[in-house]
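Chain IDs A, B and C follow the sequence of writing; residue 1 opens each chain.
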Amino acid sequence: MEIILDVTDLHIEFHDSDTPFVAVEDFDLMLGRGEIVGIVGESGSGKSMSALAIAGLLNRKSLTKSGRIMFDGNDLLTCDRKTLRSYQGDEISIIFQEPMTSLNPVKRIGWQVEEPLFIHHPEVSKEARKTMAIEALKSVGLENAEDVYYMYPHELSGGMRQRVMIAAAMIGDPKILIADEPTTALDVTVQAQIVELLKKLNKERHTSIIFISHDLSLVNQLCQRVIVMQKGNIVESGRTSDVFTRPRDPYTKKLIAAIPKIDLSRDGEQA
Amino acid sequence: MSKARTELKRNIKENPYLLAGLIITGLILLMTIVGIFWTPYEPTAMNSAEKLKGVSFRHLMGTDNMGRDIFSRVMYGSRITLLIAIGTVAIGAGVGTIIGALTGYFGGMLDEVMMRIIDALFAFPSILLALVIVSVFGTGWIQLLISLGIAFVPSFARIVRGEVLRCKNMDYVENARLQGVSDFRMIFVHIVPNIKGVLASSIMIGFNNAVLAEAGLSYLGVGSQPPYASLGKMLSDAQQYMFTMPTYVLFPGAIIVLMVLGFAFLGEGISRWK
Amino acid sequence: MSDRDVLKVADLNVYYKNRKRKLFSKKNKKIHALHDVNVSMEEGEVLAIAGESGSGKSTLARAIVGINKDYTGTIWQKYDRPQMVFQDPYSSLNPAKKIGWLLEEPLRVDKTRTWTKEEMRKRVLEILDEIELPVSYLDRYPAQLSGGQRQRVCIGIALMRSPKLLIADEPVSALDVTIQAQILELLENLHRKHGISIIFISHDLRVVYKISDHVMIMKDGRVVEYGETKELYRNPKAEYTKSLLKAAGIVK
């Protein structure tokens, strides 16, 4: 498998208070083309921090980063802003947890979906942009894409908004899609639909996905490989099926045990 | 207690506004408090031999047109100014908090009516409003204090109402209601402590406005009556000597500026309290 | 009505005022949030109300505890003053008060009797023991506690005056999974120990399965299905229930 992203020894430290706070330590990740990797952990585990660093979105002054994030022959941690910008939203896209706040409330859906194209491919004509945006909206399962194109975010439900976010993230045909808890704010039935959509996009376009979640059962459904994090460290990683059936680390075991087991057979204690 | 002290220390260290505010207001307070027990000269003692003298060792801030020591008069005047400022804010914040909390909490007709009245009061500049009230009560610094206090009620009521509206839909209020907490207790024991930060910084801004309003009104001649003078009254008396003896205007003016600056820094410092 | 019943809700309809009233329009349109809901619950039972957002499950809870009084139908309860634990432990504790003060408050406002200082202290320590928090926490502010610890305090406040009915509105949804498990265990222990009746509101069908005896599935303000939990999971009748179970990965 072709490796498209190689993160080694990523270290993130905050200097907001007197004692520096280590958010992520010795984080390694190799992402193959078309692969879906899950990062699982609870709040404060550093899972979102690592993802933000990969997306190049950690640029605060009171923070130090070290290690390497190799993508397309460049180290995203050290490359200049212009190179980084040329990747962001085009080659590497990110979708967030809260579809309510990640869309601009005063702009039409069409504008929001076209924005990455407008930034990275200004040569595309206005008409072509619109066609591509409607195409993108259709590909994320929004049936009436022509109508949605002219709507405002508040006219859409949470699930539809998250679909719009995915459409905007996918319009530049990125190599990597980072999904940071994309289904946490959604209802279960909608959650399942979004997971199916990510699966479909991954299959059709070979987009690699980094799926960040606290929900182990979702990760189990979607990801080939999983990384389990706790307090900034990777405690376990491997093939999802292995990690779930034969967890080695005590914390992973605890996480798995925390999911209520359901036994629907009339007799027998465990299933 | 020691915890509160370490918190204060940390905030002073990280927050230059707070430090500057504490130093400036501290110095002015010190001067004012000393002035209660001791002044270099009797503030009202005239000396025809020493009219309109400049800065000297005998008179640190010079003398006025009647030969009175300006430093002594400033010490006394800042006491009146501060008293008016504190009294004004106490009335404004006290009455304003009660009105704002009640209207915000209960809403409905009471809220509509009170807010329209307050809107109407807001339409007048508070100095004009105070002038109207002074014309009813008469002149003198107590009257001035009450008038300014009433004029300050609307802005505090507005602020408190907004904060109470924000708090009253929080889960903890519903939680307390489920335990059987009465409305009165809910407002003043459960909700109001949550708005003390906002209230504290608006009180500081209130001090500022009060100092300036007092200066303005005394300048117009409705405040303290001779022979005693607030800082604003001194400014007003001094203006005709502005060119013959600039120190007469300069020192009372400088103290007003310092007071305003000190309160402004304190307010900013409190609003950045962590 | 059997005398074992602790709660009986009949033909409950709840309306909400439409806040998005247009300027100058006199019509005060109301939103019909619950349609003819019936609930009956026996003493010592854990009843789960499950559904997605907008299903009316929280509205039902609010009507039962009396926060929302704008309803038609009847709500009969055997005991007064049911208590409630809210979803978000970050907004359900007054940030300006210490934990000790918050725990004492239900006793201070108790209209049925007055509590002396010693009695209050004793009761607070008892509850602190139940919610498994150390005594040193009494002097802390809510901001100094983690989400799970705050939720323990919320449960403690609800238990201070030994209620017979506790309504838990998504009490673990805002918490991390391992903390979720701890809080669920705490609720189960309290239920076993005191025989307190619990209405457990949740969107998480796995959690519901773990904790409840009966479950009521709601959608758009209506009860879709009701039954004994294990039986209902085994043989869901309604299509909606099936789709929920499928989405949660419980049935294939």
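One rule holds in what follows: contacts are C-beta pairs under 8 Å (C-beta built on N, C-alpha and C of every residue); 3 or more make two chains touch, one makes a residue touch a chain.
Small disclaimer: the values here were computed from a predicted structure and weren't measured.
Fewest steps needed to get from chain A to chain B, stepping only to touching chains, is 2. The most distant chain from chain A is B, comparing centres defined as mean Cα coordinates. A summary of chain positions shows that the Cα centroid lying nearest the centre of all protein Cα atoms is that of chain C. Separation between the centroids of chain A and chain B, computed from CA atoms only, is 54 Å.
Chain centres here are Cα means. That of chain B falls 48 Å from that of chain C. The distance from the centre of chain A to the centre of chain C, with each centre set as the mean of the Cα atoms, comes to 33 Å.
Touching chain B in their complex are the following residues of chain C: 65-67, 81-84, 86, 88, 91-97, 105-106, 109-111, 154, 157, 160-161.
By the touch criterion stated above, chain B contacts chain C in their complex at residues 170-172, 174-182, 185, 190, 193-194, 196. Within the complex formed with chain C, the residues of chain A that make contact are 42-43, 158, 187-192, 214-217, 221, 254-255, 257-260, 262, 264, 266.
Chain C makes touch with chain A in their complex at residues 52-53, 147, 176-181, 184, 203-207, 209-210, 230, 233-234, 243-244, 246-251.
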